[in-house]
Structures are given as structure tokens and as C-alpha cells.
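Written out below as C-alpha cells is the structure these notes cover.
Each chain carries a letter (A, B and C) given by its place in the written order, and its residues are counted from 1.
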Amino acid sequence: MTIGSEIHGWVTDLFPLCRSITGDGIRESLRYLQRILPEMKIHGVSSGTRVFDWTVPLEWNIKDAFIANEGGERVVDLSQNNLHVVNYSEPIDEWMTFEELDRNLHSLPDQPDAVPYVTSYYRRRWGFCLTHRLRDQLRQEPFRRYHVKIDTTLESGELIYGELILPGSTSREILLSTYLCHPSMANDNLSGPCVQAAVARWLRDFVPDRRMTYRILFLAETIGPLAYLKRHLETLQENLVAGFVLACIGDDRRYSFVASRSGSTTADRVVRHILRHDHPDHDEYSFVDRGSDERQYCSPGVDLPVCTLMRSKFDTFPEYHTSKDDLAFVTPSGLEGGYRLVRECLGLIEELGPYRCRTIGEPHLSTRGLYPDFGLRDSWTKVRTMMNLLAYSDGHHDLIDIADLLEIDARELVVVARDLVDHGVLELDLPS
Amino acid sequence: MTIGSEIHGWVTDLFPLCRSITGDGIRESLRYLQRILPEMKIHGVSSGTRVFDWTVPLEWNIKDAFIANEGGERVVDLSQNNLHVVNYSEPIDEWMTFEELDRNLHSLPDQPDAVPYVTSYYRRRWGFCLTHRLRDQLRQEPFRRYHVKIDTTLESGELIYGELILPGSTSREILLSTYLCHPSMANDNLSGPCVQAAVARWLRDFVPDRRMTYRILFLAETIGPLAYLKRHLETLQENLVAGFVLACIGDDRRYSFVASRSGSTTADRVVRHILRHDHPDHDEYSFVDRGSDERQYCSPGVDLPVCTLMRSKFDTFPEYHTSKDDLAFVTPSGLEGGYRLVRECLGLIEELGPYRCRTIGEPHLSTRGLYPDFGLRDSWTKVRTMMNLLAYSDGHHDLIDIADLLEIDARELVVVARDLVDHGVLELDLPS
Amino acid sequence: MTIGSEIHGWVTDLFPLCRSITGDGIRESLRYLQRILPEMKIHGVSSGTRVFDWTVPLEWNIKDAFIANEGGERVVDLSQNNLHVVNYSEPIDEWMTFEELDRNLHSLPDQPDAVPYVTSYYRRRWGFCLTHRLRDQLRQEPFRRYHVKIDTTLESGELIYGELILPGSTSREILLSTYLCHPSMANDNLSGPCVQAAVARWLRDFVPDRRMTYRILFLAETIGPLAYLKRHLETLQENLVAGFVLACIGDDRRYSFVASRSGSTTADRVVRHILRHDHPDHDEYSFVDRGSDERQYCSPGVDLPVCTLMRSKFDTFPEYHTSKDDLAFVTPSGLEGGYRLVRECLGLIEELGPYRCRTIGEPHLSTRGLYPDFGLRDSWTKVRTMMNLLAYSDGHHDLIDIADLLEIDARELVVVARDLVDHGVLELDLPS
């Protein structure tokens, strides 16, 4: 089985759960991921806790929701699709005419066969989402009466999140963060958590000599990072080298990323370099086009070096936040491409430098067997890359700086740099 | 009556006075402006006072000046046009042939019907200016004799200037400066003082809640700012946010400005932004093309954030420094346009920021009624401007930075910023 | 005799000597230059001395070298061309077949009539260089036997170099550095030492009032600068304003230079400005294309402001490192052009500034006779250059900054600046 198929399997398993920012949906989802990553801890923040300008809301749970006609037939039913209920709806159990009901319905006239995804976390209300086609049909009989029932609870509980720390040989950190609060949509947002789980497993199992410490988070969007930052902001500001939010990373379309607020952090530079070389047809979005948890990580006073990795950018593809974002929209190859992009970024940061030449003047390469045997002109070009790496390794230029100068892929320099470190002529600094 | 017509009336009243850098012409002109702005103080600096590398000259006054033929007919007469006498001429009362007289005449072969404006403040001499057409005519009889009389005095007195301080709620300052020493030319230079007087009256009467303290100066060109800087340089260097020299700001042609020496001060950025949005066809001149009092305000060791606002730039239009720069060349609409440009610049600086978000992470907008009621995709675009303003309000980006990033007019952000300040999520810093 | 012919004469005299990085060839060459520059000192560093990551090698001397056939006829003979022996060959005196000999031969298939230049300083071996045409001919009889003799010694001795310090009125320094270790090639490398000697003589004899102290070095390439830096690095890092390596500077083709590592030192800025104005068709190479002693001078931890001046860049012209780089390839006019380029660069650095205006506000020019007599518009343009120089002389902008701003040649400002210094309104700072 390919890694892409395996990730797609996880997406498929998690798809039916009715997640929200709190409640049993996200709890069961985290427990599922814990089976892949048993080292992951699940932490909670109590309802009512202040997190900066926000307050953790009551925990929301749902048992049932439907609109039934007088014959008892459910014309809209939660069990058919978790999107049918406005997420965080308060309970209701009433009879009313369609005309009365219609004020609480949501549909998409432009996409008559899609059920939209609507939430109302911070204002109490109730509502249903349905296809515009069905709504138009029901509209034919405005005075017909319906049994409208939403069986939800809003009670004091917890905002929970998953946290996996994979220690490296240094305290310099890389953050991977994704959100896990959307019900029954595959790209937004099961692709992010499932790709992130696969990357975490790879780091744990196949990168034992990692230099960086990895902080890997599965959170509710927006309130999740805020609650986490409330607890860990200073540590992150002190140690974070680069962070990546994973979002909408499982479809088969072009790669893209949202730059950090400054646009020039290590995170931005690494993603930009990798995408330019591996996927020249990618899209770069400015922070002005942000929309996921980079909003909090890069906000004034937080200012972490974080950008968001995606394939199709949220809010730009027609399937976004509708029932069309389904298990066919994300693919094994799409997910595997996202997984590989993240791995490439992390791999490069581990080796990024800057490096520092340990000699004054050029090192004497031939005593170390690093110089080609004979001084004929033809051999010269063969050592140029090595010589250039040495010439610019002044503790200020990292591999991306040098690669861009030489118009090559920074990953070509990684092997050369390792060899020079092994020969004692270069030493590695960690990115600041 | 429009404000433009009112300003044009002031220009018309001041036109006949025979101004120079000292003497009764500028004294009467300042007294006229004092009737509009009674709070304005008139200060003096004694002749002979050292101001940096310069010395305040003797006070010059003129009673009469003419060239008369043997029949007593005045062929050139000060009472016809103040430009006829070289400004700061020493006295003379002699008979001489045209051939002798001709060495002291000035005319413009290219503009045979215009009388040029010539000065000689720092070297004692006398002279007359006349049309080239008349000079050519007089040249026909080179040995004809003329009575040449200039009735001037050069005596110890004062260099005077007008100063109006309009205090704001802070000590941060905006400087408006114009010169008032040219006789009987309308654009250069009555447009500057009269527009500046109108702006000062508007600030006093209609901007009672101004944050900035306004320092508004009416001076003799060059020696005036030097004398003023000698007294107030430290205060200005400590407090000045932006300054504007007003010059040639009353004709109906394109808007323009001369940038400060650095080209990137708050003054430059504000003018550039306003002109780009309101008058895309304006001209920007580098400091290399300077020519008015920005020369002193931006000189090494002074280095104030000052640029010069104009419509037709001095030294570029054919009427410049000739009798053609008359009451028809400046117009009510031209003057009003200049007045509005200055107002727009000052208005933007008052609100410019930078602003600082008062929360860590995004503020919770919906509890403050700032977020649209429902999370449907369509509503999202409506709050983007507000969200972007918040996201970049880190105490370093002012409204121009953010507007340029969003490719909008900074004035669109002013209302949004005020609203966010009122809701307690933003606070305003003053520009540094 | 032109200076170009004189320099070409020196090249011709030095051409026959069999130079290497140590030994009598470079010793005699330095003594020849000492006859032109008697003040030049010759210093030595003993074999075996550690210089940073390198070790000074044994001194190499050669008496004879040949390949002779059984009839005693020398088919390859050092006395015909110093390039015939691999530089630093160990001694050998054996009979062998051509087939055995062939492994130690070097020739250029693409240039069958040229003898290549090959060295092996740091690995003991022996070898001969010959034309590919001759090699092909000898190959016809692979089993023919030859007497192969190289009469060299490798003994403890010295690495020597020439150093001429021409003191100026300040301790700020300019470095001129060239290498002198290549045998019997004219452009690479006799052009550098001979042009440098001519420039040194000019500085000594015709620039008695120089402000800068000139440090003029004639060294073996690579190991020479390293040995010199080992002794003088701190002094250079403290005092050096700009340095130039002279290489391949005597042919008649385009001018070029290799920028320093940062690309923006005073050395780079001066060369770039002079070449842009005097030789718009020059080539600028990045430090990535380095190859001479700028490699050491700009290496991490050394970081001196040094770039390399050339006509045809080393390693780009077909004659490079072959017997075709002969006395016809360099010309009097080519050498004289190189000499003039260096002089122009040094002349500009002496006057470069930055300058500082000694007044606050504009200086009063007319009291000093610096302002044209009459304020008519026509005269204005005449003083603009002077006024602009004053307006930007804030102690931060040097003549190149100001000239680039005014889009003129910085050398046009030199005369103006001197005049203003003489009148006491400007003062000169030395470049940092």
C-alpha cells in the first residue's frame, strides 16, 4: 500500500464523525490519531477560560437533528450528512410552517446540489443547511408544517487538542499545526490532520537523528491556536525556527502557500525554494489572503515564522465548505504529494545552516582529498560547487542564500555540506 | 462665495504691494494676513544679525523709480509695475545716455512682452527691468539722454516674519511654511501665503480636536527660514512629523511636489499617496530639482521631513518670474485645488498612525458587534478590510503602509481605524 | 617612449624566467622589479611554516628538463619553453617507452599547437607538457624508448614576496596586489606585476600629496596572500579602504572585473563607476566567478574590500594558461589601458569623501565669490552642480553616491569639491 492510500484510508475513517470545535466529534477524532501516534497527548482547556480576547465556549454535542413532515418523513436528516445542521446550533423541538422555517435555512443558489457548511460558535442560534434544489422544492408549499428538531447540548466542558513533541538534539523548534474541527469534509479539513499524522510518524520512525525539536499540534481552528499560544507563546517565540499550518493539502490540483506576515521568515524562504524547484507552477499568496491558523500565529504580538501549506487554497475552489468536498475530491496521489512537500521542507530546514568555514582563507582541500588530483582546466568545474559553498559559508548565508546565488537547488548543497562538515572544514549553525 | 474666490480676492488685494525680503512691502502684507489670522505674531530679526553662514541685510524701502526722457516722460515707471526696478537696488539719481543705461537693464529676448523679475540682495547695484520690445525701441537712439532715478533707502532695520502656532493635543508638530517676498507676481508667490492662510483658518475653526500642533510660517524666502531655524531648530528636530512648503499653488495646471532630501519622510509618503489617488497625472520632482525653502529645511544638519507642494513647479512654466505671472494666471479653482490638497495631506497625517492592536491574537470581533452576523462565505469579504487593518497594526505599519499593501486609498482606512479605536481594539501611536 | 611600451619592455625582460611559487625564478623577478622600485622590500616565509590551513612548501628549483630519444635528440626541452615541465615536478632521470611516459604527459586536443600550463604544488609527481600535435606524432611509435630527465630540487627554503609601502598623510590604506609565480606567460601573469610596478612608480613620483597609504604586494598566487594575511590581517581589517588584485590586464580586449564577495564595497563601487563611464562595454563578474587572489582576500573571516581588475578575464580566453599567452598577446596599448584604469580608480578614491557641509543651511556663496554675479534665470543652471554637491554633503554620501544621483561622472565633482574645500564650506572625510 502506498503512503498516499494509507492516508486516504485515515481520511475515510474520520469522515463520518460530526466534529466541531468542542465535543465528542473532535474527541473521537483525536483518539483515532492517537492510535497512529500513541505518544500524542490530549490536553483540555475548560469552558469559560479567557484566552487573550476570547473565551472558550461551552462544549457542544449533538445526538440528532431533522426536519420531518407531517407524515413523519425526514426531508432533512443529520444522519444523511453532518453538514445539514448549522454547527453549534442550540436545541429546538417545534412544529412550524416552511415559511417560518425558511429564515433558518442555508443553501447555495449557485451550486444547487451542494449542502453548504455553516457555523455559529459565538452567537446562539439554530439552523439547517440543505441543497438549493430541495429548498426550492419545499418552497412550493410555504404553509406546510414541519417538525423541526435539533437535539444538542451546550454544557460546560473542555476545548481539547492533541500535542506531540518529538525532541531533537537541540531546543530549536519546528511547528506543525493543523485544525481538526470541520465535520465531514475531506480536503478542508481531514487532509491536514492525516498528512500531518503521516509526517509525524515519519519523523518519529525515520529521522532519529533530527536536530530540531518538533511540536506537532492538532487543534480546533482559531480558538485552538489561541488557547495553545496562551500557554506556550514565550517558548515558541524563543525557540521556533519555522512553522507550517497544513490545510487543504489532499486534492490533485496545484500546490500553494500563504506567506507569513513578514513574508521573509525561514518558513517562507524554505517553502518558496522547494516549490520553485519542485513545482514551478505553484501559487504564492500574500498574508493579505490568509484564512487559517496563520492568522493567529502571525498576528501582531505573536509574530511567529509560520506559513500555510496547501494544494488548492481554501476559499478559492468551488468544492470549498460544501458537501462536494468529499472522499472523491481528495486522492491518494494528492495526499501523498502534500506529504512529500512537507517532508522536503523539514528535511531542508534540518540542514539549512548557516554554515561557518572553520579556516581563515580557503581551506587546503588537497591534503584532505577534497581537491581533484590534477590542476588541469577541465577538472576545475567539478569542485566549483564545493568551493562556492565554502566561500559563502560565513555564518550569515544559509544553503538557500547560497543556492539562489548559484542558481541551483539548495538540496544539491546538502550532500556537499555534510561532506565538508565530516572533513572538519565547515561547521553548522542552526537557523536563528 | 467659494473658498477659491475668497483666496483669489486676497491675492488681488496683496498684488500691488512692492514686497522684498525686508521693508514695508512685506510688513504691510503680513498685516493684511493678520486681519485673517489675528493670532499670528509678527517677529523681527535685526539687520546685521548672523544666521548660520548668512547675515541679515539692511532693510530696503522704495518710494519711487523711473527712467524719464528729456521731455519728462517716464518711459519706465515703478508705479506701472513693481517688477520694473531690480529688487534691492541702491539709490541713483543721474542723467545718462541709453548706451550707458543699457548695462543696467534686464529684459527677456524670448518673451519680448514680459518684464522679468530680478533681485540683487547681497551685492549692491541698481537696475531696471523692462520688456524686450521697449528696450529694442529705446536702442534705436543710443545717445539719447535719460533721467534715471531710484529713490530707495538701505538702512538698519529688521527681517520680519509671521508665525502662527495652533496647539494640538500633543507636542508632535506639522510645519506649513511659505515665503512672501516677491512683488506683484500672483502664482509665485502670492498663491502660497493666501492658500496657507485659508488652511490655517480651517485648522483653527474646523479642526478643534487636532492631535498635531501646527507651526505656520510666512517668511522671506531663504534668509527667512534660516533666521527661523537659528531660533527654533532643536524644537523642530525634536517634534516635527512632517512639513510642507507651499509654492506656486494657484494655477490650473498639474499638481506636483518636490521630495525631501531623503525622499521617504512622512511628508513625502503622505503627499505621494494623496496625489497618486487624487491626481494620478501629477509630477514628482526629486530634491535635485529643489528651489524653494525645502533647500534650507532639508539641508545637511537640518534634515527636517519637509517637501514642497505646488501645482506648476517653479522654474518650469513660461510665466515664472515675469510680469506674465499675473492675476489671470492664478484662478479661484486653481487656488481651491491647492487648498484642498493641503487639507487632504494634513487630514491623513492626523490619523496616520501607526496603530497597535491591543490584543494578542485576533480580537474577538463578534462580541463587539464588529463581525457580520452570519458565517456564510458571502459576508466574508465585507470584513476583510477591517481584519487586514487589525492584522497589520503592529505599531510599525501606518495607514499608508497598509493601504499600499491592500492597494486601496489610505483614507478608506481612516473611518475603519476610528471605529476600531472606539471599540477598544486598536490604539493610535503618533507618527515618529 | 609611451608608458605602454615601457611596461611591455618589462614584460619582455621577465618573460624567459622560469618562475614558480618559490625558487630562483620568482626571486630574480622580484629583483628585476626592485630596480624599478628600489624602496620595495623582499620578505621571506620559511618552508614548513603553517599559514592558516596551509603549509609553506619546500622551495623548488630547476636546472634542466628534457625528453630525449635514443639518438640524444631532445624532442621536448625546457630551454625551448618553461611550460614544458609540470611546475613543481619532482626529479627523475630514467629511460622508458613512450607508452610508459605518456601517462605523465599533458596536452590540449582542442588546441593542438599550444603547450598547456600545469602545476602540482601539493602532490609530488613529475610530468611534461607539450603540443598535442607532437604527442600524436610520438604516439606513432609507442614502444620507442626515451631518456626522461627533470633536474629539480625540493629543499627547505623560503616563500618570498615583494612589499612596497608608500605612506600617505593618513593611515587609511589602499591595497594593490598581484601574483608573480607563472612562468613564461605574458597576460597571465606578467601583465599584473608590470602594470602594478608602473602604477607604484607613478604614485611615488607624481602623487606626493596622497592621503591614502598604499600597500603594494607582489606575491605567489594563493599561498602568497595567505602568508601575508597571516602576518598583517588585523592591520588590513582596520585600515583598508579598498584593494585591487591586478590580473590579465595587458591584452587589447574588453575590460572586466570580479566583484568582492559582498559586491558593494568601496572597491566595487569605484571600479563599477569608472568602468561604466570610461568603458561602458566592460564585463562585471560576480564573486561566484572568482579565481585569483580575491579568493583569499574576500574569504569568510578575512572579508577585505577587494576586487580584481582585468581586461580579458582569466579562464575565459583561449590563450589562457597556454603557450599562446605570449609577448604578442599583450600589447603596449593594452597594458597602458590597464595602467590608466588603475590610476583612475586610485585617483577617485583619494577624493571620494564623503564630504561634510560646514554650515547649517546652505552656505552663503556670494560672499565667497562662488555665486554667479546676477540672479537671472539663465545663470542658475551654472551653479546647480555645486549646489547639489553641497546639498548632499551630509557626511554620508560620497562623490559616487552624488554623481549617480545627478547622473554624471564622479570625476566632474572632484574639481568642484576641491574648490569648496578651499573656500572652507566643505570638509572631506575619508571613506570608512
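As a convention for this text, a residue touches a chain if its C-beta (ideal position, glycine included) is under 8 Å from a C-beta of that chain, and two chains touch if they have at least 3 such contacts.
Treat the numbers as computed from the prediction; the structure is a model and nothing was measured.
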item: Graph class of chain-chain contacts, one of line, ring, star, complete, other; value: complete
item: Same-residue or different-residue interface between chain B and chain C, half as cut-off; value: different
item: Euclidean distance of C-alpha centroids - chain B vs chain C, Å; value: 56
item: Numbers and ranges of chain C residues touching at least 2 other chains; value: none
item: Residues on chain A engaged by chain C in the complex (per definition of touch); value: 356-357, 359-364, 366-367, 373-377, 380, 388, 391-395, 405-406, 425
item: Touching residues (chain side chain A, partner chain B) in the complex; value: 51-55, 106, 116, 118-120, 122-123, 222, 225-226, 229, 233, 261, 286-288, 290, 295-296, 298-303, 315, 321
